[in-house]
Amino acid sequence: MGIFKGKISSFELKTFILVVALAYMLPFMVGFSAYILHVLNLALIISVLSLSWSILVSCGQISFGHAAFFGSGAYVSALLAIDYGVPPPVSILISGVFGALMGAGIGGLCFRLGKLTGPYFALSMLAFAEICRIIVINLGPLTRGPLGIYDIPPFLPVFKFWGLTLDLYRDKVPNYYLLLAVLLFTFLVVRKVRNSRIGFAFKCISQDEDAAETVGVDTFRYKLIAITVSGLFAAVSGAFYAHYTHYMEPSHAYSVSWTLLPVVSSLFGGINLLSGPIFGCLIIWCTDEFLFTELLTRGHELLLGALLVIIVIYMPDGFMIKVKELLTSISKGGKAEAVTENVLPRGEEELC
Amino acid sequence: MLKVKKINVGYGDLQVLWETSFTVKRGEIFALVGSNGAGKTTTLKTISGLLKPFSGLIKFLDKNIHGLHPYKIVEEGIIHVPEGRRLFPGMTVLENLELGAYTKKARVKRRDSLENVFNLFPILRERKNQLAGTLSGGEQQMLAIARGLMGAPRILMMDEPSLGLAPKIVLKIFDAIKEINENGVTILLVEQNVYHALKIAERAAVLESGRVVLEGRGEELLGDEHVKKSYLGR
Amino acid sequence: MLWESLLSSIVYGILVGGVYALISMGLALIWGVMDVINLSHGELVLLGGYVAYWLFVLEDLNPLLSLPLAALVVGSIGLIMEKFFVSKIKEAPALNTFLLTYGIGIFIANAILQIWTADYRRVNVSFFLETVSLGPIRVSRGDVLTFSLSFGLIMFTHIILTKTYLGKAIRALTEDRIAAQLMGINDKQVDIIAFVMGSMLAGAAGSLFVSLYYVYPALGGWITAKAFIIVVLSGVGSMSGTILGGVMLGVAESIATTLISASYRELIGFVIFIITLLIKPSGLLGRSSH
């Protein structure tokens, strides 16, 4: 195994560089179409959300309420920017801290006080998202109630000199690169975490929590880390979403979509792969945007639900595993198939 | 009556039984003995359909039964009294017995069967409305056997009925097994209590690491040097 | 004054609790037998509600009369769910069935949205709305009727479970699947029956629910959460426990709503949900998952 390790990672590095280069050139390839770039930008934002969801899964915990972090991040950042004049880059960071604290709080309640596992945790997340939504609706003076917030300032500045305006926001391209960088950063952090000792502990917990406990893994501590990091990135993703779309209202901020999309995306991409949630999300989001919403203007989640059912039954390991097998076999020539099986057992984390 | 022929069985990649073969004749008590982990339970689970053999065949009255669903095998009259009793603890003694007679054939006879098992184990009649989980260990074992008998067995397979019971109760259980056999039920008995098992068995087989190493009459095996050394401690 | 309204709200909570208990019974049945927590249970209840609503609007059929039809329709949906989806992944980790039923729930909720839009719907039968007075307490006829019907259906299910061979097989599977197979029970077949029964209960409960409350497509998660919490409170497969759990939840909600504010009604429901989970850590449900 050790012998192959070097080879694999150089292969991974190549793939990584290739993917980043492709991502870099994408705006050129779509001819700078504002509409396509807009959809892609949203996809990048939601990819961050999917990644954050997958951190929790890598620690064996399923959340059916990531909207709680997403929506709260959106609200915190938007309100700070509008009502307190905090510049969006700072307010986004603060919302990240808020998300992390929220994650730690929920983690403390669920994992320590309630010792909740599996379905119990997943459903309490759902309840937390609902609680957040109802609170935001009812705290009118602070949150502007059910009508929502308009004119949330963009995170990219508008420069004005001598009558000349350089609006970095209206142009989708700078947004694209900025969001790409954010996603890349998130990915590298997640990768770092999952490949570290912490990530190893996550894996132990996800495979058998009781066993991990008996061999001395402080499971509570690691689950707390997982949900804190997860909350942080989910909130940041929500904050970017709010500043990017300018508008937020409670039902949208805490919509079931923000829970459903990461679930479907991560499963589709493959939860055992680090990059699975990203590629899954890009594909799912674009399919949803270009196809599903065209087919069903109202309730396009219907198709997402159907997709989830199909994925769970027919490819619970995600489509990326298949793509990866293909890539590996191409890069290694014909006899690679057997090698892949041995070198990369299911659940092994790699770069791509 | 029951013929097990060269079965290979395992859990996932782990193979437990290797080309195991033996035959149980009509009306006899056949004992399958061996130490912990030899594969005795695995053998019974395979016969009752809980496990599918990788290869080999199992014949009951000239009909191939390997690979059938467990409920089909029960309908054939092969009843398995599992290791550790596995009663329905939240249900009453009577309900447990009724479930024993779940198949259509058994259901028709259930009144007679009930009378029978109550005569065999009178204590169960007294306890019939008590929850099975609240019975003592010995009573639970009696109920497990009785529940098996309710299924109108042609062959009754019992997995370690003496496990964890006081010596006096063990004797009672073995007496009951003899009595059941005298009433015409063929018995396949799995035991770690080798001495008692070989004593009441007409014939027996010794299983070691998933292979049948000895097969013969019960008394013969009792006198066998290997058996004496490995299982009887003399 | 406060005492009177408190007393009324307790009575109201008890009456509503009956419907809650019925809703949770279907969830508990499926959960117990198959170890599947059907996250689409709330959506199945909703579907039953909409069927009753439709029959009411189109055929002017009283929801109490459309109950069997709602049960049948939802039961058939349950049959399809079990046969083509849930049974396909029975061997997979529990997490997968969980995600699967979550997806199915989303699907059903949005299908409801396609058919009946997001509007709030309710069956308004004037006869139901009339109140009757019991001393100082006033309750609506509808509440009393739905409670009685729920109670009756729970009893009926209980009798099936305890008195018939099928019911005993269902309970045997709940207690020990392997042992049940060794009794000659065709477990796959009983699974299907239990799933359909659970769905029918959901459908029946839905037709009662819609004559008490407004329904809308997104309500499913809320209903599932309630049913879930009752099962957590009462344990799987205990009839008295289920009724008690339903009534406890109903009363707690209704008292909290009276004391705090109606606009927080939903919030109270979810807070009770969280608190129950937190202080009752897999308590009664810490049952063995053999």
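All chains are identified by letter, namely A, B and C, in their written order; residue positions are counted from 1 within each chain.
Quick note on the criterion: contacts are C-beta pairs under 8 Å (C-beta built on N, C-alpha and C of every residue); 3 or more make two chains touch, one makes a residue touch a chain.
Since the model is a prediction, treat every value here as computed from it, not as a measurement.
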Excluding chain C, groups that stay connected where the other chains sit: A | B
item	value
Chain whose Cα centroid lies nearest the overall Cα centroid	C
Separation of mean Cα positions, chain C and chain B [Å, integer]	42
Intercentroid distance (Cα basis), chain C paired with chain A, Å	33
Geometric centre distance via CA averages, chain B-chain A, whole Å	55
Per-residue multi-chain contacts in chain C, two or more chains	none
Complex interface listing, chain A residues touching chain C	62, 64, 109-110, 113-120, 122-124, 126-128, 130-131, 134-135, 138, 256, 260, 263-264, 267, 296, 298-302, 304-309, 312-313, 316
Of chain B, residues touching chain C in the complex	48-50, 69-71, 74-75, 79-80, 82, 86-91, 95, 98-100, 102-103, 106-107, 147, 151
Complex contacts: residues of chain C adjacent to chain A	37, 85, 88-89, 92, 94-96, 98-100, 102-111, 113-114, 117-118, 217-218, 221-222, 224-225, 228, 232, 263-264, 266-267, 270-271, 273-274, 277-279, 281-282
Chain B-touching residues of chain C, taken from the complex the two chains share	165, 168-169, 171-172, 175-176, 178-187, 237
